[in-house]
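After this come two complexes, each holding chain A, first together with chain B and then together with chain C.
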Partner chain A sequence: MTGESLSADRSVELRPKMVGKPIRRTEDPRLLTGSGRYVDDITPQGTLHLALRRSDVPHATIRSIDISAALATPGVLAVFDASALEGEILPAIPTSRMKGYYATPIWPLARGKVRYVGEPVVAIVAESRYAAEDALEGVIIEYDPLPFAIDPYDGAAPDAPLIHEEAGTNTIISREFARGEVDRVMEEAPVRVSGRFRMTRKTALAMEPRAYLAEWDRRQRALTLHTTSNIPGVIRDVLSECLDLLGNRLRVIAPDVGGSFGGKGSLYHEEMLVCALARKLERPIKYTTDRLEDLTATSQAFEEVMDAELAIDLDGRILGLRADVVGNIGAYSIYPWTAALEPVQVVSFMPGPYRFEHYRGRIRGVLTPKPPTGPYRGVGRPSSTMAMERLIEMAARKIGMDPVEIRRRNLVNDDEFPYRTASGIIWDKSAFQQCLEAACAKVDYPALVRARDAARAAGRWVGIGLASYAELTGIGSRISVAPGMPINTGVETANIRIDATGAITAAFGIASHGQGLETTLAQVVADEMGCKMEDVQVLHGDSGLVAMSSGTFASRSAVLAGGAATRSAHVVKAKVLRAASILLDVPVDDLDAYDGVVRARSANATLTFKEIAKAVYSQMGRIPREQREELTASETYDPFFGTACSSTHLAMVEIDPETYGVTISTYVVAEDCGRVINPLIVDGQVHGAVAQGVGAALLEEIMHNEDGQILTASLADYLAPLASNMPRIQIVHVEADLPATIGGFRGMGEGGTIGAPAAIANAISDALSPLGIEIDTLPATPERLFRLVEAARSRSAI
Partner chain B sequence: MKPALLSYHCATSIEDAVAALAAAGGDGKIIAGGQSLMPMMNFRLVRPSVLVDINRIPGLDTITLRGNRLGVGALVRHRMTASDETIRSHIPILHGVMQHVAHLTVRNRGTFVGSLCHADPAAEMPMMTQFLNGTVHVAGPQGRRQVAVGDFITGSLTTDLASDEMVYEVDLDTFPEGTGWGFHEFARRHGDYALAAVAVTLEREAGVARRVRLAVMGLDDRSRRLAEVEAALEGEAPDAAVLDRALAALQANITPNGDLNASPEYRRHLANVLAKRAIADAWARAGERSRT
Partner chain C sequence: MSGKVDVAVYVNGVMYARHVEPRMLLSDFLRHELGLTGTHVGCEHGVCGACTILLEGRSARSCLLLAVQVDGAEIETIEGQGSIDQLGRVQQAMRQHHGLQCGFCTPGFVMTITDILRNHDVRGETEIREALSGNICRCTGYEHIVNAVQELLSEQERAR
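Right after this comes the complex of A and B.
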């Protein structure tokens, strides 16, 4: 074990621990019985409701807006366009130190021109959402259409019409990662494989759509925003600037949140709008997006074209990789991550968990009149892993090597860590090879191969595919989650206190929105402090809890908040033991706490946490004045670097050779997330993420037509996976050497979405390999497979 | 996505519902399960001034066998049609088809008759009503009338129903014991509207197929029986040559559209695949004793 441990007292290790136990989620009773409290459940007296008239054209200047009919609609109180909000709020600027980048300002309503279908233009404030929607058609907007390029390659051309004239270009992001001499290596390599891989546009599709409620307290001149955000701390900080309100007059609360998957992880127009309007009108203002708005105006994901080429030698050793990636980032760069977040990670992570020297990855991010792209579970890596893992299996096929063997030869070995990848990412030691072996062992890989071959001989289209990857999780302050970003996501605070009644409260800056962190963090606190888990209440999702916070994203919370919890709990425990030592008149070294009771090892003396709290706070004279300490601590944790989380996914699929429907018959995930805090929760995260990856692989695609209009505007057209699409997922937890984080935790909330698209694309390609078909575009829909098969058949007919 | 202002009338009888529709002067709408109507109202594609709720009218939730016809009342939900024993034994193909319709929550509300009145070209219930020579029972201010389904469905999402009329029942063919049936559809996910579907029934007499019925869905602007395909199979054993002729007739009689999920070419391809499978199933099942 190399995990940094703060417990000097080894005897604690012998006691049954909370960490590692499959404890049922303590948040579930309220969430599953309808007692959750989501933003839309909160309606203070006098709340006004908002409806938005959104742009129905992709790129145009606004010539005129006539709101008179809307204003005359019964129940309508006010109608705003950008000009009516002038001076009420400043724009948010998603700055970055990246070279050549342009930070598109974010205003609550479109000013002067519109840049995508779905952009908010006019806000209607009414007594009910019904009345507000009644008024929508009364708004008459005249547009002067502007030319545009919806295809990023066209948009990158020198003479392309500009989405943001001030930027002087649509290509606001250009980065290159290079090491070695990749062009020479490619030239000389005995074997090369290449492809143009496409990860199409997706949306995060949280079950609860985005919702915001702003309340202005006239007496305190203070604003409270309830938001579905998973980054309430970041939102507080940026709105503080936009609204010119300090943190003691601006509180941002994320109550129960029904999923985000990245879609609720950025600042939104509507979030700014409700705040500005609540302050101006001095009434609570609520806005809840409906599913149509969720599909058109929540940040979207991916849409990358990846030209990638891999060189190997005849032994299957990787010699070099080169990739040229173009991302269609949509019409705006988002706050705080910027539009660079996703595409830059595609090239920085493309070398994956493999050992090789020569690499060049280029990325261009191009503005187009489509909804902005933003974070999506797995960020960058679902795309990069798809391209890299496809190339690995294409290469294996080309030299007739087993796809497991080629990975075995190239995955970084135990004795090579820490390993600096060709793009500069440093992997700390993680179970790269062991995950590959564990996945194969779980399904008896040789038997699976025989089963596939037998099915194939019988004319069935069956294939096996793998995906190995590593991701950087629990990132500290040394590394920016998005390049050159102006916020700090590398620190987390745990504010723990025992109050006069003996209750233990642990407050964090994170914002759990489905991850079960109320349970896992209570487990960590209970172990470290020696208290009962059920006595610990975990608070989160409220900017008022700690001085600085960001939220929950980037697989950070278990690592960072878990570490901060350990530190604070350690300090509080020491205070509890010191107080007990005085009360029992026993040396501190002789005391230990477990299950809410402090015991002396040598004497028959015990005190409960509650008794100690009473003595410290309420019973004057029991603790000498100069030795009395508040039973509180507020410690932070910054892991500085991050830690690798690695995994191998293995899928077997069968394709109906007539309808081209795909069925996943076997699925296994072997992953190393360090010390497992709660295996039930880890399994749940893997199941959910794999389901999302199955969606990306087979079903989900946001489509716009050439006119910039969305075609997938309802859940009848944007197809999310159903239970009937899901295989039984087998999971192997590989707990190899623990990382150097406090507690030995690695982040794991995103992994499934990273591995599944690649593994399934590989399995389909394997199934179709007798026809010489390689999958390069996801989702692999029946229509796409039909076209590939038809083309392959007409090729072989020639 | 909130409906426009409307008033609501909870009808107590068929006559009451019809009177409420008449009083609305062409602007009323019946709500049955609401599974198609409510989304359209939320998108404000439909804006009735009065919503006439038929869910509380007694006696409409029954499935009745009358001789060789089966009556389905206006409040028979998909869940009932899918699990009813009389349907399973007398119209086994309908029992089979219903397993493909929508998801649990939708099936608990949606009605057979509501789907027929909605006349979605990709819906199974209008297709099966045509397949089963349905007669539509209509009540209006002037009294009651019966319409053959072929005259009832006038196009995609349109019917012969006047704005003050209501359907209270539809009655359908049942099949003699031993009738073989096959139904195949392809949908992106289970319970979605299908990209294409083919239904077949036939009887097997002296080694050949008799009384062949074949209908398709999703391969045209509306679902329909295909007489030429039926004729190609009638009196034949479906061997390779017969199948070829039948499929040629099928291809000659459809004009599939393209949409987000399927191109016309892929739909044509599916048509053959599904027809082959449905015919093979029907042929294999014919002569089986299924009735209990």
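Right after this comes the complex of A and C.
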């Protein structure tokens, strides 16, 4: 055990703990009864509603906008285009220190030019959403179409039409990671495998569409934004600049939020717009996207083409890896992550959990007239893992080695940590090998192989696939979550106080949107402070709670907020014990707090937290003036580096030779996520993340045609996994050494989405290996599989 | 817009009468006219199931209905299934099995499960998954919801 423990008191250690127990969530009763409060549920008196006329062309200059008919629509109060907002708000600039990068300014409405279908151009403010939508048709926009390249390779060509002329190029992101002499190693290697792997465009598809409500307080000259964002703190900070309002006049609240998965984790045009308009019109302004707008104008992700080549020796040892990746980043760089977030992670994480010396990964991020890309669960690593894990299994097949054995030979061993990967990422100790073994043990791998072979002998398309990966979670201030990003997301604050009534409030800068952090953080506080869990109220999702907040993303909250909670609770507990020692007249060392009661070990004396709070705050004279301390603390935690979370996924699939549908018959996840705060919640995170990985592998694809128009504009076209698509997921929590984070927590919210696409792609390739088919593009839809099989059959017929 | 019409419905046993535009969706009517915001809207095109209610005892998508169409009808929504202090049985099972994360799809699932228990003969995991596949949950991967339904069904079985 290397976890930094702040509980020096051994007797406390022996008490039953909250951490580690499957506690039922405190969030649930309100959410289960329809008493949740999501942004669209809030409608203050006098609220005006917004509808947006969005671009229906991918790339064009705006010649003219005629709003007269829209203005004359009953119920409409005002209509704005970019020129009508001049002077109301400054653009947000997603800066980065990265070389050669161009930060595309983000304005609330398109100025002079549109760059993707779905970009907001004109805003209509009306008494009701129905009236605002009525007026949309009355807006007449004349466009002068501009040429464009929708394919990123075309867009990267020197003579390609430019999406942002000021940038001078569409390739606004270029990075290279290199170590050793990969070209020589490739040249000399006895075995090489390569492919062009494609991960197609996805969207996060939170079930709650994005929504924003801004209220201007005329008296205080202050603005409150209710937003579906998972980064309310970051949004507060950037809007403060854009609106020229200091933080005490600008409060950003994320109430109950219906999922994000990254899609709600960037600044949006509409967020800027409702704020500017609420201040200008001095009325509450609300905007809720519909699903079409969500599918066209919420950040998208994963669209990467990866040319990758792996060299191994005849013993299956990896010699080197070479990758050239092109990311289609869409029309804008987003705030705060920039468009580099995803493509750069593809190459920085591609070496994965493996030991090898020689690597070169190149990435280009190219602007195209598609919606901007941003974070989506897993960020970059679902793509990089798919490419790397496909190569590993292709290599294994080539030398006739079992895919488990080849991983065993290359995964970083226990005695090699901390290990610096070929791209420079440092893995702290994590159970890489043990996860592989645990996944195999869970399903009795040899038996599974025999079952597959029997099915194959009977002519069925059955296959097994694995994926091993590691991710960096709970990232501290030493590493920026996105390359060159200007904001620090590596610190978290917990502000804990016991008030005069004995109530305990713990306020954080995080923003829970399904992760159950109101429950898990209360578990942590209760253990560390010795109070009752139900006495702890966790507050989050409000920029007004702590001085600096960011939100919940990048698998950070359990690690960072859990650490900060531990520290603050420790300080408050010490104050409680000091007060109790005066009140009971026993030494502090003799005291111990558990379950909301402070007890003297030697004497038969107890005090509840409530009694202590009363004595401290309200009962004059019980504590001498100079010893009276407020029962509060506000401590921060910065893990500085991050901590690895590692896992192996194993899937068995069968392909129906009639429908080409893929059924997953076995799925197991073995992972090392450090100390588990709440196993129920951790399992839920794994299930949900794997489901999104299954979607990426088999179903989900945002499609645009050559004309830049979206073809998947409804949930009938963009297919999310349903209950009937999902297998049961077996989960093994590998018990290994705890990381050096406070509490020993690792982040684990994203892993399922990272491992599943690769494992399923490998399983399908294995199933179709008798035909010599290697899956290189996801999702592996029935149509794609049909084409692959047809092509393979006509090949073999020749 | 003129031409408003009278609509009277019973929601969770309470009669509500309103004067609304004939084009108003039932989901908007419940949420914004009656303030029953527990019914959620995730797609407005009948795919996600977040807006599921019971209409005359059977599940229906409130985003595919106009308020005028249900004039005089009996509707049940999530608000009628239990309270924070006294969760209904389906709600309890969902909590027990951690069948919800962000909670946005949850009212729709609770209503669909209520419909399954009342009106359908569903057996075994495959059938449960089929019966749930008109509702999308992006958070849970469904497994814990399936577990909750399994428990509810076997409970019902025992009570027979």
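We adopt the following convention: the second predicted complex is superposed on the first by the 798 of 798 C-alpha atoms of A that agree within 3 Å, B and C clash if a C-alpha of one lies under 4 Å from a C-alpha of the other, contacts with A are read in each partner's own complex, and residues count from 1 in each chain.
What we mean here is this: a residue touches a chain if its C-beta (ideal position, glycine included) is under 8 Å from a C-beta of that chain, and two chains touch if they have at least 3 such contacts.
This one's a predicted model, so the numbers in the text were calculated from it and none came from an experiment.
Greater residue coverage of chain A by touch, when chain B is weighed against chain C, goes to C.
In the superposition on chain A, A:626 contacts neither chain B nor chain C. Contact with both chain B and chain C is seen for A:722 once the two complexes are overlaid on the shared chain. By the touch criterion stated above, A:207 is placed in contact with chain C alone, chain B being left untouched. By the touch criterion defined above, A:165 reaches neither chain B nor chain C. In the superposition on chain A, A:703 contacts chain B only, with no contact to chain C. Legend: residue contacts after superposition of the two complexes on their common chain; A:130 is shown touching both chain B and chain C.
When the two structures are aligned on the shared chain, A:692 is found in touch with chain C, with no touch to chain B. In the superposition on chain A, A:31 makes contact with chain C only, while chain B stays out of contact range. In the superposed model, A:291 makes contact with both chain B and chain C. Once the two complexes are overlaid on chain A, the chain A residues touched by chain B in the first and by chain C in the second are 130, 134, 290-291, 714, 716, 721-722, 724. Here chain C touches chain A in the complex through residues 1, 21, 23-24, 31-32, 36-45, 47-48, 50, 77-79, 81-85, 87, 91, 94-96, 98, 100-107, 110, 125-126, 128-130, 132-133, 135-146, going by the rule given at the top. Contact residues of chain B toward chain A in the complex are 1-5, 39, 43-44, 103, 186, 188-193, 195, 260-263, 265-266, 269-270, 273-274.
Across the complex, chain A meets chain C through its residues 22, 24-25, 27-38, 40-41, 43, 74-75, 130-131, 134, 205-209, 256-259, 261, 290-291, 513-516, 680-681, 683-684, 686-692, 714-716, 720-724, 726, 728-729, 752. Here chain A touches chain B in the complex through residues 129-130, 133-134, 290-292, 658-659, 661, 699, 703, 711-712, 714, 716-717, 719, 721-722, 724-725, 781-783, 786-787, 790, going by the rule given at the top.
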